[in-house]
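Let me begin by handing over the structure; questions about it come next.
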Amino acid sequence: MNTALEAVGINKRFGAVSAASNVNVSLGVNEVLGIIGANGAGKTTFLNIVTGYLKPDSGVIRYRGRNITALEPRKIARLGIHRSFQIPQIFPKLSVFDNILIALGIAGSGRNNGWRPLLTGDSGDAADAILVRYRISDYRDREAGLLPQGIRKLLDIAMAMVGSPNILLLDEPSSGVSADEKMLMMDTIMDVLGGSEVGVLFVEHDMEVVAHYAHRVVAFSDGKIVADGLPEEVLNDSEVRGLVIGNELRSELN
Amino acid sequence: MTHQNRTVWCLTIALILLVAVQPVLPGWAVNMIAMSLSNGLVVLGLMVIMRAGLVSFGHGLYFGLGGYGTALGAVFLGITDAFVLVLLGIIASTFVGFVLSFMIARYRGIFFALLNLAFSMLLFGILVNSIVLGSTDGFSVPVPSYFGYVPSSAETRVSFLLYGMICLLVYVSTLAVHRYLNSTMGYIGEAIRENEVRVDYLGASVKQAIMVKYIISAILAGMGGACTVLLIGHVTPEDTVYWTRSGEFVFVAILSGTGNVAAPFIGSAMFELVRTYALQYAPEVWQMLLGATLLLVIMFLPSGLWSLIRSHDRKREQT
Amino acid sequence: MLSFVAILIDGVVYASWLFVIGIGLTLIYGVMNILNVAHGSLYALGAYSAAWLIGQYFLLDYPAAASYLLILIAAVAIGVIFGFIIERGLLRFMYDRDEVVMVLVTYAVFLILEDVMKLTWGVESYMPYQPRYLLGNISIMGLPFVVYDLCLVLLALVVGISVWLGLNRTRPGKLLIAVIYDRELALTIGINVGRVFTITFVIGSILGALGGGFTAPLISVSPGIGIEIIVLAFAVVVIGGLGSIEGAAVGALIVGFGRAAAVHLLPQAELFVVFGVMTLVLLIRPHGLFGRAVLRKI
């Protein structure tokens, strides 16, 4: 499989805490890669490093062979790596429609036509089509910040997808979504992605979701990678179960 | 789309009306309208950055640069043409706005407000100690000419030509800002106010967007200052760059609301009207009135006077 | 050499004066996140009430020394009354608002109080010179200084040390620091944040009024003194770092010496120096010399 994104030898410390130590991850062009790990294992830090929000102490991020380490997030986004967030990063006081419209406007403003009107017949239709695709049309004119977590998550992911990325990073897409809705939500996302050539890397706590959607799984613990392989192998590995899934259970009990 | 076109139509009709009624209006009314429009330009500039969530406590700086640029051109360079003088004022404010935009673009919230305050107080400190510029007393500006035509002394200071020029400048600026605010670049302002992280991750440059907005606001404030100085015929540091003047512009901006490009001018006209009467009949409670109004608007009308017009509009659409 | 001594002593005096005003402003910001424009009004109210009381007092034939006590009483009364009314009557309804909106709210209060003062004390000026005159002059290295002015240094030390002890050595002070560092945590461990806010605002107001009260004998108390002082006080606390007590002291010293140097060497540059330093500090260390920056978590 062709490698689209590659992280080599990433190290990152916050004071005494090692958030990443010699992390190596690669993502294929069409691959869906799940990242698991207990809280504080360094998963979100890894996404922050890949997207340029944090600079690694050492190591290289390559995208299609090009070194993109520590480029600014907006430049990395322009290259085609988009991201959704654990806490949805939307425009809370604006309507769902306007959220999508602005995302569309920015995605289309690459070649100096940012001065054109944002709302035209075409852009409005395109935004509505996206709302339909993500099954959030019902909330079109509602203030985005007041919607249920699941809807905000979908909106966040929809905004990440608007620019037709080549790589999509999802940070805990199913967290905060009720148990019976999470599969529906993941199906919605995968349906949309199904038609396009997108490499997906998703951080997830829910093992059911991971088992169901990931082609390959990487397990993090204390900033280190402890397993990398097929879902059934990694999820059944006793060491991984002890470090990741067991912790998970314990942290849920707390 | 219809909404946007309606704004353009309303502005055009307003321009025609304002110019048409000038000959029959009494002098004080002409003066008041011209003053409201000039000051409204500054508020329009503030509105552009306020849409991005940024409030400046120092836009007197650009107002003053526009005013002093015009006044200096008239007195020290001997330029008489009103259009050239206004252009000089705008160049002064634009240049400084451009230079400072590089520094200011990374500031938000009260730090943005305070850095602007500091910049404006720097200019104030220079002006009040410049004896050649009349220090705190400032200096007078002669009546300008218009493409070679000099208004006769029989005409008041606010001649039809000055009035017409201000109306035209306001019309053109308002349409341009309207077009800008409805573009993607314009909407990025609201997006920045709401969530910079998302804007960044969508691939847009927050810094560049804020710089552009800041420069636009400097241009408009400078234009307002230039027009105001031509209207009054005098310029002083305290009436242009001091923090109380900057505060007054922020006051009118909050009063107006940021809902539409016409709002700053409506707010500005209200302000001038009330000020004229208050200073005549109850000067001792004028600031109290301002303070109380500001509190009421913040508490009960957070989107300013414009929200009254818009809610009326909505009710009409529903029925 | 002589001008060096003059700059040194004038600078310390000026810094002391600024510190008394600035510490209240920075305390309120630190605890409540409110950049309080109305602090300028409290300063003016303190000055007016002290000036008026001193005027009345010296009409009578009581011991002159008690006039200093009078200034103190006036400042505490003004601070308690106005601080309480502003915080309980207005600010507490708006704590969920944005920091910039709160600046505007206090600006509105400032505008209202400007006219309240004009209505109460008229527009003519008051010159309560007696307390300053009483203490006489002193010669330091051949240069004459007014003893009262030098006593402002003492006042600043007393205020600074009291606030420091109050914050670090008393239980309520420690609660206050807890609120400064983490408001949400303070709430969860059961601190009554509302009461902490009221107390802070009242103390801050007293300090502002105190600054005004003890300045009154040095100046002609007239409309607009609050307008001038508030931008200066902003410069002081911004230079030091908003919300930092040590910062207010350092900011006051920088502005104090900067101004004193300008006055003696290049009088035209007085304002320019003050705001030049403020601009530079904001540009180089946006959160001031003692301020803290926070990175947003995503």
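Letters A, B and C mark the chains in the order given here, with residues in each chain numbered from 1 onward.
The rule is short, and it goes like this: a contact is a pair of C-beta atoms (placed from the backbone, for glycine too) under 8 Å apart; a residue touches a chain by one contact, two chains touch by 3 or more.
As the structure is a computational prediction, the values presented were derived from the model and not from experiment.
Chain centres here are C-alpha means, and the one lying farthest from subunit A is C. Distance from each chain's C-alpha mean to the overall C-alpha mean is smallest for B. Here the spacing of subunit B and subunit C, counted between their Cα centres, is 33 Å.
The distance from the centre of subunit A to the centre of subunit B, each centre being the mean of the chain's C-alpha atoms, comes to 44 Å. Chain centres here are Cα averages; for subunit A and subunit C they lie 50 Å apart. Within subunit C, contacts with two or more other chains are made by residues 298. Residues of subunit A in contact with two or more other chains: 85, 89.
Within subunit B, residues 197 each touch two or more of the remaining chains.
On the subunit A side of its complex with subunit B, the touching residues are 51, 72-75, 77-78, 82-83, 85, 89-94, 98, 101-103, 105-110, 113-121, 159-160, 162-163.
In the complex of the two chains, the subunit C residues touching subunit B come out as 35, 90, 93-94, 97-101, 103-105, 107-116, 118-119, 227, 231, 234-235, 238, 242, 268-272, 274-276, 278-279, 282-283, 286-287, 296, 298.
Only residues 1, 4, 179-180, 182-188, 190-191, 194-195, 197-206 of subunit B touch subunit A when the two sit together in their complex. Partner subunit C is touched in their complex by these residues of subunit B: 55, 57, 103, 106-107, 109-111, 113-115, 117-119, 121-122, 124-126, 128-129, 197, 243-244, 247, 250-251, 254, 284-288, 290-292, 294-295, 298-299.
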